[in-house]
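Input: one structure, supplied below.
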Amino acid sequence: MPNPPLTLGLIGAGRIGRVHAEHLRCRLPEADLIAVADVDEAAARACAGQFRIPVSTADYREILADPKIQAVVVCSSTDTHTEVIQAAAAAGKHIFCEKPIAPDLVRIDQALAAVHRAGVLLQVGFNRRFDANFRRVRQAVVQGEIGEPHQLRITSRDPAPPPLEYVRRSGGIFLDMTIHDFDMARFLVGSEVGEVYATGSVRVDPAIGAAGDWDTATVVLKFVNGVVGVIENSRRAVYGYDQRVEVFGSGGSINADNNYPNAAVVSGARSIHRDLPLNFFMDRYLESYLQELREFVHAVQTGGPSPVSGEDGRAPVVLALAARKSCELNRPVRVADLG
Amino acid sequence: MPNPPLTLGLIGAGRIGRVHAEHLRCRLPEADLIAVADVDEAAARACAGQFRIPVSTADYREILADPKIQAVVVCSSTDTHTEVIQAAAAAGKHIFCEKPIAPDLVRIDQALAAVHRAGVLLQVGFNRRFDANFRRVRQAVVQGEIGEPHQLRITSRDPAPPPLEYVRRSGGIFLDMTIHDFDMARFLVGSEVGEVYATGSVRVDPAIGAAGDWDTATVVLKFVNGVVGVIENSRRAVYGYDQRVEVFGSGGSINADNNYPNAAVVSGARSIHRDLPLNFFMDRYLESYLQELREFVHAVQTGGPSPVSGEDGRAPVVLALAARKSCELNRPVRVADLG
Amino acid sequence: MPNPPLTLGLIGAGRIGRVHAEHLRCRLPEADLIAVADVDEAAARACAGQFRIPVSTADYREILADPKIQAVVVCSSTDTHTEVIQAAAAAGKHIFCEKPIAPDLVRIDQALAAVHRAGVLLQVGFNRRFDANFRRVRQAVVQGEIGEPHQLRITSRDPAPPPLEYVRRSGGIFLDMTIHDFDMARFLVGSEVGEVYATGSVRVDPAIGAAGDWDTATVVLKFVNGVVGVIENSRRAVYGYDQRVEVFGSGGSINADNNYPNAAVVSGARSIHRDLPLNFFMDRYLESYLQELREFVHAVQTGGPSPVSGEDGRAPVVLALAARKSCELNRPVRVADLG
Amino acid sequence: MPNPPLTLGLIGAGRIGRVHAEHLRCRLPEADLIAVADVDEAAARACAGQFRIPVSTADYREILADPKIQAVVVCSSTDTHTEVIQAAAAAGKHIFCEKPIAPDLVRIDQALAAVHRAGVLLQVGFNRRFDANFRRVRQAVVQGEIGEPHQLRITSRDPAPPPLEYVRRSGGIFLDMTIHDFDMARFLVGSEVGEVYATGSVRVDPAIGAAGDWDTATVVLKFVNGVVGVIENSRRAVYGYDQRVEVFGSGGSINADNNYPNAAVVSGARSIHRDLPLNFFMDRYLESYLQELREFVHAVQTGGPSPVSGEDGRAPVVLALAARKSCELNRPVRVADLG
């Protein structure tokens, strides 16, 4: 390894923050995580202890003030993202930020402007782009294995809805859940979406409807390059985490199935069966969380472009807002009308 | 078998007519096909010779006039369907008629009224309902294996577009191709469609666009019972006939894959691969053509309801018209506004 | 079709005889089945009635005496096969005979000598060679898709054991059940077997052991061309008819799975499952019974070689005898020592 | 975690040693790897540097002399295993030792006696037992999902043969390669093998034959509990690492397929295909290497039995010797006759 390790600070020591901490400390020799901050100082301290991180603090500004730290990983609560991004950019730190940047475009645009002014690298945490299945699908599209793409389908269903309290603060299914699929759609097709038609319904839990949200959705995306995509969402698939995609093109199609905990199939007296797919994102996407940080470190070290840029972070938010509007109006909505 | 065989006449000795002739003569001992008519008298004669049918004629009215004949199988060209149905009903014959009944609702309604007045049984040739895969999916829905259905997906792609001449007379992709999927959607969900949103594009062959049609389509169906369905169509899948469905519900999902000519998988130095799926409808759906006639004969003999009624023949035409209108207006169209 | 249909007589109107009757009457226009014989005259008459066969008789010699009849299909009980073959050969009829020709080599050799003297064509009813899966595997071997073959595996399990009375008369598992797999092994590898090592055990039903037979077996075949094959048999697989093969070679491998009644997969709350495979040979191999007769008729009409010759009928009997001896001696047995 | 971490020393810093080092340092918080030894002192130092191990040495006796060290992981060359085991046992250290313990039974028995006298825990590195697929198969057998087991099949093929130099020192295919399958067979069936019949041939590379070894083998195992197992080996599968098992029983069967780098399937104009399986053991079995150490640490900390005991390490060596003898004599060999 020609480069010395990249020194990083972690901001936010919650669940996803600790996943990143483990990866940075143990599985990425090219990285050196030397400080962790959390408004809950005990959480920061516990994380530092578990992963042998030298410094812990309650104030993320201490991390930004440390000249040894070259980059930060932002896992604090969503409503703090733009503030932290702006401060980090001002401090000249490269930034890895969990998705979404923010639920509104004004704050996103302020943050992106700050990043741009500072000339630092920003990567948004759309980890699914780094999943082996979806990478293989993207590769097939890019390398022309399926010719010119015509149709896209994304099936994305969670094993169970989040707590109602979470639903209420989530910004709605399109901003909270479909946002990953909007990003995946752009990633796989390699083109921008021009128009969105969305339907939402309440099929899983009436309380979600009472909270003003939908739990089931079907979205049609018309891409600028002529591809038409469909996203199917549900907050509850009893068989577990359902994460599949299919791209159909002039030269064939490619279809990525779910991942399973094992490849064993039982032939019994009543059916041929196998175990359920990996249950949720920490199992299904664990390796992708590692890979996205590996590529972040590499991009910073090589001055390369961000694998998931600030604009990539902004676009799915626009699509989520368009989908919500389409549902409310029951008609297709042009993305250009949104922002 | 307690019943004597049902005596039938065949009207139309083209490709699908000869398939029915073989099944009626050889594979359905409960049926006795005793006459065949075709405006092309040589075709009628050839068909009679090949399948040992006693009588052939150029005039289907001779069949209707034969008091020994209890039922007719109508495989003449689509534009003659309603005329033949009305005449057959008037003659008191039970009727199996190929799809679609007609491309316009006025003529369909006249034909259905005639059938109703005569009290004969009419079955429309939506053969895919009798395919083992789709029957299994329907069974899962009916028996509650997947709970209450929430989302439906139908993937329906042909191996290659029909001749341009055919496209021009076909009534368009929705009436010619998607009509099978509209029927399948109603069959699988067991509810009526309230609203249609359709997109059409020309991706396969510009000449199809020049002929005023689309060759690629994505359609969203909102059912009265709350299910949201998606149909994906293309006139050309290079890998062959792509005929899959998936129904997702509160208790699980069921997914029917394509059928293959064999179950052999080759592990080679570059990939793990298998042969392409069965190429087109005569291979994929051959058994369903037999089964639909078996059930027609049974329904007539037992006075039972028609497995695919006149109303089942009318509804997909309405959906096709709604889809075309939705494409043209680029907005969802309420089915009730169509007819 | 340049040829007039081949005229045939059917000898034996039991279950498999009636399958052949239906195929010859209804699905093979190149064949004309004009007589049926069965020692049970009522059975012959019923078969003739069901399939509109002009002549029925209790005495198969009447069929052999009919100069219009060119070929016979022999489905009488196994102990009559060699007698009927010799008489049919003497009468100059081409012969399709169900497997096995006979359980002992002396009688087989007498029958084959008679066929040879008469110059008629003899095809033995190893129908599995005509199954689409196994044909595809054979094709891969012949065309070099998997390079030079090194290892073969045949998994062959019945859904349930036959009645004990049948077991007692069957000649034992190797002559009754494995014989199909011995034929399949020779067919797929395209070489002769030089040595057999077999194990037999009683795991399914002690009564089978008490009857002097095994119900579970594993057999190793060393082919002259160096391939080593394994056959796994069981008289009872609770999940149904298990009929799979795999050939591994220097350039890859090919693996044929079971066939299923439908391609639907259910994702439920406890497992991902599908229906059991086709339950037994009449479902799994129905099309192969049609295809073997089609090729028999073609071979007779073109003077071509028999698709499954008398020698192909004899060889698996030798292997069955070798396997039994290997079990008894618990050591490998050279095939040359048997016959 | 109630326990303080288990302190360990690593003996041998080659490829597998470094895999264990990474796992012990980074992925197993319950373990603390504090020293590494290698006769090649530079290798020990490099390993210590990469994984921040405090102490490195050329002499493994320094590790055994350190009273802080509770357990050792033995990854030195196979010919040193029994010497190191005996010294470690004498020093009161618990021992994880790579397979095989030794290629001859006298030395194995001396080592096991030393372990027994010292009362330390010994685990042998049969990592495949910890693979998710095989664990699931074992679970099915133990929990009675497939009833009583009758037949076992293990397919085990490497992507390419090792260097000839390695082949010459390997002890032969049965001791070097099949040994894993012998262990797997005992693990899955849960019974001892009473008799072995083996065939070996040279199909991959004549140079392997010239070196006195086989590169292709088929082995039949008769277990004491009546199960009959088959192992198929090849030194070269062009499609990659082929590691599958199937257990058939009175209540069904369970079948574990290979693992793949992704779940994407491409439908192209010529075939339906997917990428090759994971190529070799470091990819396929990576997680199992982690899991075996996790269970070793747990067993030491809880005083529990060894997950893979010294006797489990000895038994496959006996089977390998029996297989070699069977090949040489071309007859079944009773295991009791070996040792």
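When the chains are written out, they are named A, B, C and D in that same order, and each has its own residue count from 1.
Keep this in mind: a residue touches a chain if its C-beta (ideal position, glycine included) is under 8 Å from a C-beta of that chain, and two chains touch if they have at least 3 such contacts.
Since the model is a prediction, treat every value here as computed from it, not as a measurement.
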**Q.** Most distant chain from chain A by Cα centroid
**A.** C
(Q) Comparing the two chain pairs, does A-D have more C-beta contacts than A-C, or is it the other way round? (A) A-D
Q: Averaging only over C-alpha atoms, locate the centres of chain C and chain D and give their separation in whole Å.
A: 43
Q | chain A and chain D, separation of their C-alpha mean positions in angstrom | A | 39
Q) What whole-number Å value describes the gap between the mean CA coordinates of chain A and chain C? A) 58
(Q) Can you list every residue of chain D that touches 2 or more other chains, as numbers and ranges? (A) 237-239, 242, 251-253, 267-269, 275
Q) If each protein chain is taken as a node and each touching pair as an edge, is the resulting graph a line, ring, star, complete or other? A) complete
Q. Which residues of chain A touch chain B in their complex?
A. 147-148, 150-151, 153, 157, 197, 199, 201, 203-204, 216, 218, 220, 222, 226, 228, 230, 232, 234, 236-239, 242, 248, 250-253, 330-332
Q: Would you mind writing out the residues of chain C in touch with chain A in their complex?
A: 237-239, 242, 267-277
Q: Show which residues of chain C lie in contact with chain B when the two form their complex.
A: 22, 25-27, 29, 50, 132-133, 135-137, 140, 145-146, 251-259, 261-269, 275
